[in-house]
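The same chain A turns up in both complexes below, where it pairs with chain B and then with chain C.
Let's turn to the complex of A and B:
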């Protein structure tokens, strides 16, 4: 251990201080804080402009967050292992254009489209997993490389079809994107919530899930405890790709269009990381969870919509995201964040 | 760690000494060989790629802005941090320069003021990171968004264009004989960076802080100040790159720098600088600028799309780094030494155990 005395408070996996009283601990959970913040933002915006609190606006906010939420859930899985996936944007994009073209030009049924999107995501995720777990390249470098490779592939795929953009998806796709499950709650939102719940259970209650936390916390200890570090890492990146692929389908049916710049032009990578960070997951691994990340995505959507209602020029939307990340960073520090280095060596070289 | 620290420090200084190891020098040579091979390949296979020596030189204008960003970024990466805001800073600097000039300021004063502001933004990045002791990836991710918004708000609606000839000829498309002015600027900057990293106290502190934070602290290095310095330099170089881009296109745009961030990171990494800090050579970054630049230009001149070029860039990066990893692992004792070093950074306690 470093000679410098350790002054940071001991924290639980979810980040709340250990010594705090149960009620305080509950209230300090990032998820609860986020929900409170969302209520505050919604009420403040509602007072300013009552249209904000209408059912149609709130369901728009939720539906808009669905793709980001699924993406952030996947990103969280790799962040927990002290990794990062910079290639989720082109994975989302590739999945969206492949399914989009198959639907537009070949009338692919929606059910098979879902399978195709998952397969595209899984395949590309396995590519990342191979680079990280087998060759041992650091995640940030591997996924920086695949970001370029997959981005180029997306362009190649778009040029192989004519026209080069997806603009006319079948009605079944459009309906899937617009239909409500009940009371203004879109199916997309229900599905995103279900995915979040399933992954949350997997993280908390399966050997694989606990291994992710263990590796992120201390890869060497995890290795010595008998966890197959490389295999778990491989699966983590494959799972992240799988979810990014499905996020691509959500994006496609939600927006009804896709082209060679889908994903890459909207800094999807960074937004997915931002949502996870706002949700309380750290870059240094072993801390956080997917429920927070999904809530972080909804919070981003809500806050950005609130900015529009407050009459702030959309130019400042990125700045809003930036300010929220800074806020999350500073509050992280208060919870006992990390001290040194931007990136920490991950388990690739250790196992 | 307690018992072994003096021993480890001695070893660190023996192996560092301000110069890279022979392995790093080998990587620079390998890159140089790749560069020669690819120039030969494109000259032979792509019509119009080799338009004489001066044609080759003028191709460099297409990617020296990326190289300049990469030079600045290497300070930060040497220190074990990362700066995602360099692209945004470059855009903002171009816009600020243009707006100041439009407001009536003399062009070179506007350039100086804009670059000063870029260094100041770097300082703010560094100070947030040092004061909150927080993660630079997060902080610069956030400031990147904020800087981009500011740039769009300042000049996004009507991108300023049509700068005076003096700026264009010294920083844009001008030449000195057959040599592009940008190449001269880049060469001067590269020498400056080599001197700072290899020959100055600050440079040694920088590399050691990236190699081992705790060791750097015990030797009396003010790590926080070093990190802030790295970010100031990174911002400063991003500012210069922003001026170069604006002068080259004769227009300042708010979105022009963002697309250069990942290529710049790629150049630094391809140049053999350890993404986790503390290891690498500036010469590698310089050569990698040309390796990546000529690959891209070769493909573009050959009629391929820019995204195809991006894809090839990614493949080159991955292949080179997997190759480098294999070399690192198999050269001499470095497999064990490298693993122990990596473990030592991640798990100080386990190394202390094994040293006892």
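Let's turn to the complex of A and C:
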């Protein structure tokens, strides 16, 4: 019986624990590409208009990206499981108006405001988690439903307070949104970076993080490998909600205002998914990471600011975001990411 | 394939249907006029990602004959039929239908020549009606442009359904049909598409005996009308009952083609399993006498299986034999907590084990290697190391609550060395590995869990011969080290080589218990096909 030719290198693994250096390099590739792209965009804009490269503009770009980055980190957690959260926009909005009204009308201390924003986000995220993990509805349907429900609640909340919009938040809030931690680097940026770092460690070094990737790759295989799929999904949507709630607080203190359409009016859903996709996370699950997503958020902010500096009417902004998403997804497809799994997996199975 | 889409009558000018019908194809029910052609395959070879599955196979299918392809799983029967029907393209060899040397076929161009494969799983459009499924792709035109001739279609449909003995309303949605009815509908669809070379890929494995009889009656009627017919089976009884000619494949090569008159059961079994594997030494049988590590009593989950009793001791390899559809995988899944049985008890290590889930089973020392490696085993996009450690996430080494990647890789490296996985590095994505290496990586995953009982479901499915022998060695080694092992397999030789005892499942019942020297290919071969039941 002739032996079958072997298609992969016949390297035996010896005893020494192998470090996954090639993998890490592979994972970093998208992140490094993004940084290079950002440098290129910044330099090109700087040549065109030197004010782009000033410290004040660049710190504005970074601070502007903080809320998006936190949202995108949460969205990434969900995308990794091959899910999606379309309700982050009203979660951000609800968190911003609840904290905003409590601060504006009742002088709520900032510290408690932070807790309230987290509680609102977690509560709404748990709602999504319940629908998806307990009743088993598909994520896109569940969160499309809660997009409407939570968005409606946002109107109700705004209607209950008078005036109906948040325009005048306490000074402590404003200071938090604009103070620098050190030279030109806003507190918000530091906090968003810290959150990204913590979640990155969670993804790599905890059972929860590992389970997210396994479920996104193949939920049935994950279940049979002993992973508690429903529990992990529940926690993933709760975490996404929690982060969206905190992003609401960042939005509030950064812009100083919030109303019944906050979040929805700036298509936060799309932006958060765009940042994650640009950062290398796929819609088909199991691939990607939060560092890329946070960088994707900064890249978006930078690219959109560059558009303004280039004299392009802001009316083109959504079209620009869409084009960047398509670019990210197409490049991913060419790397053999999105959608190719189904084909490669069946190869070799013959009866 | 740049072949223009054209009516079949022009592809094969002498097709009988052309004489009767105009361009409204639904119009005629094609009475007994249809006639197949001799279909010759010469020197067919095919490999999937480097692993040959068919080697130099030559076959002649005659009109008016029922030709059966017989062989173990992995012998290449399905691949051969799929090549004949244009689903796969052969790497070498040629196909001749009638007097036409066929170009590279696709399912569509094959159908235009009258070749139709009824697949293992019916591929009906679930939400469309019977009549729409019947004429899918050839909906007859109505009077108005772009309209569908519903009335005419229904009238024609009745004729086709009657010919295959399918007694359902034309408006029934396809999802309401049983599997047997769906298969008959596939048959009728082939007739409606004026196909006269019909292939069936294991049509009877999901059917009850009565349903199979109905299907066979239809197939016999088609034989009378001189259709060219071929089908796959591993049920020896039905093969002997219905075939005119039998071809046995083994390991991708044709072993023998015989007329039924000269074929006998023992000879066919020998031809199917009699592989001269010089390297593979049967594992020496052992009869441990200790208490059972795993004992299952009265396990029931209708309609899959009922009243299953089995037990396995430390150091013992117990086989669970059975055909696809015999309930063997469902039994394993019920033990592992993937399915919830309606009755029965599972006792692990002397303790009753009721609230089972995969997690609880793994933690209690019971692991299950799934039959479907692609869908229920590997994480394709994930690296080898994390694939291997995914079964023991709660037990991985930690510091300050965080997984220690270095130590984890040490564990993974040790496990894949024990199971002899060949890969460039632990960071290789598992989908880049061969089937055999993927399977050994999954064995490594379960070794890491340090199990007392391992259920291995088709452990050598889709792996090459060399890898197979290595997997046998691993299983033997584990048993020698005290693991209680259950091997589920439809390969008789695998069971005779590995097992100390064998349970045989047939239609959801345990119909045989063999141990030691009783485990022979002959006994197993007749038990799995239900020959000793009635």
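By our rule, the second predicted complex is superposed on the first by the 310 of 351 C-alpha atoms of A that agree within 3 Å, B and C clash if a C-alpha of one lies under 4 Å from a C-alpha of the other, contacts with A are read in each partner's own complex, and residues count from 1 in each chain.
Note that a contact is a pair of C-beta atoms (placed from the backbone, for glycine too) under 8 Å apart; a residue touches a chain by one contact, two chains touch by 3 or more.
Just so we're clear, the structure is a prediction, and the values are computed from it rather than from any experiment.
**Student:** Tell me the contact category for A:69 with respect to chain B and chain C: first, second, both or neither.
**Tutor:** Neither chain B nor chain C is touched by A:69.
**Student:** Who does A:319 touch here: chain B (first), chain C (second), both, or neither?
**Tutor:** first
**Student:** Regarding the shared-chain residue A:220, is it in contact with chain B (first), chain C (second), both, or neither?
**Tutor:** Both: A:220 reaches chain B and chain C.
**Student:** Where does A:207 make contact in the superposed view: on chain B (first), on chain C (second), on both, or on neither?
**Tutor:** A:207 sits against chain C, while chain B stays out of touch.
**Student:** Of the two partner chains, chain B (first) and chain C (second), which one does A:232 touch, if any: first, second, both, or neither?
**Tutor:** Neither chain B nor chain C is touched by A:232.
**Student:** Now for A:142: first (chain B), second (chain C), both, or neither, which partner does it touch?
**Tutor:** In the superposed model, A:142 contacts chain B only, not chain C.
**Student:** Would you please give the residues of chain A that touch chain B in one complex and also touch chain C in the other complex?
**Tutor:** The answer is residues 1, 3-4, 218, 220-221, 341, 344-345, 349-350 of chain A.
**Student:** Residues of chain B touching chain A in their complex?
**Tutor:** On the chain B side, the touching residues are 1-2, 5, 80-82, 84, 128, 132-139, 141-146, 148-150, 152-153, 156, 213-214, 217-218, 262, 265-266, 269, 275-277, 305, 307-315, 317-318, 321-322, 325, 338-339, 342-343, 345-350.
**Student:** Looking at the complex, which residues from chain A come into contact with chain B?
**Tutor:** Interface residues on chain A, with respect to chain B: 1-4, 131, 135-138, 140-142, 144-156, 159, 218-221, 260, 270, 273-274, 277, 283-284, 313, 315-323, 325-326, 328-330, 332-333, 337-345, 349-350.
**Student:** Which residues of chain A touch chain C once you look at their complex with the stated criterion?
**Tutor:** Going by the criterion above, the answer is residues 1, 3-23, 201, 204-207, 210-211, 213-214, 217-218, 220-228, 286-287, 341, 344-351.
**Student:** Going by the contact rule set out above, which residues of chain C touch chain A in the complex?
**Tutor:** Touching chain A: residues 48-53, 73-74, 76-79, 251, 276-277, 279, 336, 338, 358-359, 361-363, 368, 370, 374-383, 385-386, 390-394, 396, 401-403, 405-407, 409-410, 413-414, 416-417, 421-428, 431-435, 437, 445, 462, 464-466 of chain C.
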